[in-house]
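Both of the next two complexes hold chain A, though its partner changes from chain B to chain C.
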Partner chain A sequence: MTIWEKLQAVDRRILYLILAVCVSAGLFITIEIPTDPDPSSRDLYQAIMDIPEGKTVIIQSDWTNSTRGESMGHFENLLRLLMSRNLKFVFYSAADPIAPQVARTTLARIIKERKDEGLYEYQIGEDYIDLGYFANAEATNLNMGIDLRNAWSGKRTKKAGAGEISIWESPVLKDVRKIEDAGMMIVVTASASIDVAVQRLNKKVSIGAMVTGVVGPTVLPFYQAKQVNGVAVGLKGVYDLEYCMANGVNLKDEDGNIKVLNKGGKEYPKITEGKTLARGSKYYGTLHIALILLILAVVLGNVGMAMSRKKPGAKRS
Partner chain B sequence: MSYLAIKLTLAVFATFGLYSVLYRETRFYRFFEHIYLGLAAGYTLVATWKDTLYTEWWIKMLGKTDVSADGVATVASNGFWIYSILAPIGLMGYMVFSKKHNWMSKIPIGIILGIWSGQQLEVWWNTYGPQIYSSALPVIPTTWSFVPAQPVAGELYASQALTNAIFIFTLISAFSYFLFSFELKGKFLTGLNTMGRWMLMIGFGAIFGSTVMARFALVIDRMSYIWNEWLQGAILGGS
Partner chain C sequence: MLQFLAQATPPETNFWQQAPGTTGLILGVVGAFIIGMLLFFGLSTIPTQFRRYIIVGFTFLAGLVFVLQYLWPRPINADFEKELPRNAVEGFGAWLGVAIDPVAKTANILAAFLLGLGIFSLMRVHINKIRRRAQDWGFSLILIVSSVIMAIFGFWDWNMRQFNDPEALLTSQENWKFANYVNDALFDGMYQQMDAAMFSMIAFFILSAAYRAFRIRSVEATVMMASALILMLNLMGALTFMWSGWINGLVESTGNQFLTNFDLTVVAGWLRANMQIPAIRAIEFGVGLGALAMGLRLWLGLEKGGVSS
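Take a look at the complex of A and B:
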């Protein structure tokens, strides 16, 4: 048996082991990959930075641990961005009953992270509201577009020093009477719930999307048609947004270089408080290692197949 | 061992349990699979009641009374008993399991289908209308230069026109692939059809690549969970 034939017959479990080892090693090596953020990610950053002060942001968080690798990075970036801008927000899920708890856990961690850094600690009822789970995305988004106060009627929130109050008495929503009053709606999703939000709400509120690599290709036509104002897709989208947060857009650094360029666009500042390069930058280098391994396996497999066919008397399938 | 460390250790066991299917499907894998399914189903049931049915249906049906600190009860919201008819309509859906009464399940299904179908015209237009409109792109440049650092509004630069032309060609050729109403004859139509197939394959390849990256992200995150969050964070007590 030649080396090429041996390569053809490698047990798939050995490949899984090599992948696990390479990915693990990648997590311990800090590799900073220079990037040119996708226009869709850059536009999302700009759209969030353009939200007027004092406006409330609606977050539809439709992801669970099954897409933690991408969606948690998206959600963390979004929270860091909103908190650095002192924007109030509400969050809920319209796709999965488990999603609100996953969002709560991530939010609690980001609040603690900011507290440890000596930054303002967001308070429930004062700065954000947790609306929980709404069954049926179609009905939820449709109702939100028709009458937001009716769609969310009956919902209450905890507030420090006030016990439990109606969400409409909270500083987060007291000035929001209809969805048009929201600064932006951002859907963090691993499913087609972004389609439903666009279908029902895109004429009423500015929509941004943070989606997984699987969902990304179906959302890009919405971006091309300006039905959403920005999309961060997959792990690249997570890193893109972190890169924009760390470097701003059209912003010159100390050497006079612009790291994120948007020709003809205005200048957007970088985020100066809290973490910017975080999960995305950590995973992005590791992703490259995994992809190199994949390409190597495909090339070796094909070369091995070609070489085995060249062997005299080899069967051609 | 702290509560957090115990919790994270159990999650690491679950990760190994579920990934063990890559080696072989064993009882170890099935044990964790059943735990996962049971937890998800139980959690869904509670969350559906607590977050949706209780606030959106039960409270609206019964109304709500607020009791002040001195014990005086006031009506916070009136009850609307009309909401009570939703329960039997919804429960009729479960009659699908009865051979004798399964016709009753068609009533809620019919209502859902009717509402859903009625919305589809608007939904279709909201989805595709702007996309059709935005596909009409100019392909003739107003200037032959590339996009400068400060583009002039209203100008269509050569590179932008080329991008638009590639988009329009891809759109038309991909559409032509789905022309099944008549036989395509002639070099132009068959060539366009072949190019359409190529464009679709390139598109599917890009989508597949994006999907592969998404799957890698899951593995990377699980490894990060084991090494960074569990081992470094909870067991060794690092950051």
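Take a look at the complex of A and C:
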């Protein structure tokens, strides 16, 4: 039995072990890997930075922990970005009943992280509103586009010092009468719920998307058609956004170098408060290792097959 | 006066929606429940051959609201919150605009009922399995016990946050009590971690499949592998950064701008924009047409099988 034939017959548990060891090792390295952010991620950063001060952002959070490797990083980045800009936001879910609780847990962690850093602590009712779960994304998005006040009527929020109040009395939504009044709508999703949001709302509000690598390709046609103003796709998208947050766009560093270049575009500042390089930075090295392993597996598998065929008398499949 | 009216907050309550905690809301819920139950039992007594007509009629009416709302002519700048319709056509359009809200909310409520139906069905199947001591009934028992414990602490936590925490102190972990900690440990500490672990197993199968099954046996497979390789390499920031630096150096030294086309990000971008996106768009068009045809068949009651058979 030649080495190539042995390679063809390798026990799959050995492959699993190699993957587990390599991927776990990558998690211990948190470094700023230089990158060239995708234009779609860069556009998302620019769109969020372009939201006028005082505007409220609508977040549709449709992810759970099954995709937390990507979606949690997206959601955390979004919260850090909005909080660093003092933008108020509303969040809800329209795809999975578990999603609101997952979003709440992540939000609580980011608020605590900022509190520990001595930064402003976002308050429910004052800076953000939690609308919970809407069971039907199609009907909800359609209704939001026709009449936001009706779509969210009867919803209430807690507010420190005021007890429970109507969401429309809260500072978060006081200037919002219809969806066009929102600064932006950002959908963090691991499903096709972004399709519904784009189909129903893209003419009324600027939409941004933070999606998983699997969903990404289906959103790119919307981005190319400018129905979505920016898309962060998968783990690369998480790191791209962190990289933009840490380095700005078209912004010269101390050495006069521009780390994120957008030829012909204007300059966007970097984020100066709170964490910038976080979960994406932590996982990005692992992504490199996993991709190298995957490429090696395909190459070795094919070379092994070709070499086995060359052996005299070998069967050609 | 007009300016004042334009800024006035629209009334939050009407026939379709009442303020929380009011007598009107409680009466509405009780009334709707009684009517719903009467309808439920009434419909159950209808002979089977007539049920199809009821379901098809209800489906048609529900769909008609959305279809008309989309297709009904409407003046571009019409704002029926502030203006009165000028004729019957505009009047019907304005009425449709108002009707969408209760219809959409009904759709949300029906979708929520599906969750309840799912839980009921799951419980029934597993309770029967335990009662019959069927194979692996122990797993069914674990499922039911886990569900009940999760529900108890979930409702306990919800009850504390909803009714006993007017200042929203429980949004901060420092103020949590026993039920909040247990609920968090069950939901975030166990359930969510197991969910993530289940999905992470896909990575092992992908690697195994890449090694054993992804074979270059045809031109199509070769093209697919080459494209996948470029897109995968493009996901590696360290590589794209080094490649860009190398290409930029070459462009500077040779003065040949054409070389920028060989930047990995540019090649991957070209593949995405000219190969991947058009292909996906074509697939989406096909799916859209299929969905339209299926939607029309369901709406018009032409689909055989299911509830309408």
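Note that in this section the second predicted complex is superposed on the first by the 314 of 317 C-alpha atoms of A that agree within 3 Å, B and C clash if a C-alpha of one lies under 4 Å from a C-alpha of the other, contacts with A are read in each partner's own complex, and residues count from 1 in each chain.
Here is the rule we use: a contact is a pair of C-beta atoms (placed from the backbone, for glycine too) under 8 Å apart; a residue touches a chain by one contact, two chains touch by 3 or more.
Just so we're clear, the structure is a prediction, and the values are computed from it rather than from any experiment.
Annotation for the three-chain superposition on chain A: chain B and chain C clash. By the document's definition of touching, neither partner reaches A:229: not chain B, not chain C. Contacts of A:295 after superposition on the shared chain: chain C is touched, whereas chain B is not.
Once the two complexes are overlaid on the shared chain, A:46 sits clear of chain B and of chain C alike. Of the two partner chains, neither chain B nor chain C is touched by A:262.
When the shared chain is aligned, no partner comes close enough to touch A:276: not chain B, not chain C. The wider contact with chain A, measured as residues touched, comes from C rather than the other of chain B and chain C. Shared-chain residue A:159: touches chain C; no touch with chain B.
Once the two complexes are laid over each other on the shared chain, residue contacts for A:36 go to chain C alone; chain B is not touched.
Once chain A of one complex is fitted onto chain A of the other, the partner contacts of A:193 are absent, as it touches neither chain B nor chain C. Touch criterion met: A:24 reaches chain B, while chain C stays clear of it.
Comparing the two interfaces of chain A, the one with chain B and the one with chain C have residues 16, 19, 23, 66-69, 97, 101, 134-135, 138, 142, 153-154, 217, 221, 224, 234-236, 287, 290-291, 294 in common. Listing the residues of chain C that touch chain A in their complex gives 9-10, 12, 17-20, 66, 69, 97, 100-101, 103-105, 107-112, 114-115, 165-168, 171-173, 184, 187-188, 192-193, 195-196, 198-200, 203-204, 206-208, 210-212, 214-216, 225, 229, 232-233, 235-241, 244, 265, 269, 272-273, 276-277, 280-281, 284. Those residues of chain B that touch chain A in the shared complex are 22-23, 40, 43-44, 47-48, 50-52, 55-56, 59-60, 77, 116, 119, 122-123, 126-127, 130-131, 133-134, 147-151, 203, 206-207, 210-214, 216-224, 226-228.
Residues of chain A that touch chain C in their complex: 10, 12, 15-16, 19, 23, 33-36, 38-39, 64-69, 97, 101-102, 105, 108, 111-112, 123-125, 134-136, 138-140, 142-143, 146-147, 149-151, 153-154, 156, 158-161, 163-164, 166, 168, 217-218, 220-221, 224, 234-236, 239, 243, 284, 287-288, 290-295, 297-298, 300-302, 305.
Chain A meets chain B in the complex at residues 13, 16, 19-20, 23-24, 26-28, 66-70, 72, 97-98, 100-101, 131-135, 138, 142, 153-155, 195, 198-200, 202-203, 212-214, 216-217, 221-222, 224-227, 233-236, 263-264, 282-283, 286-287, 290-291, 294.
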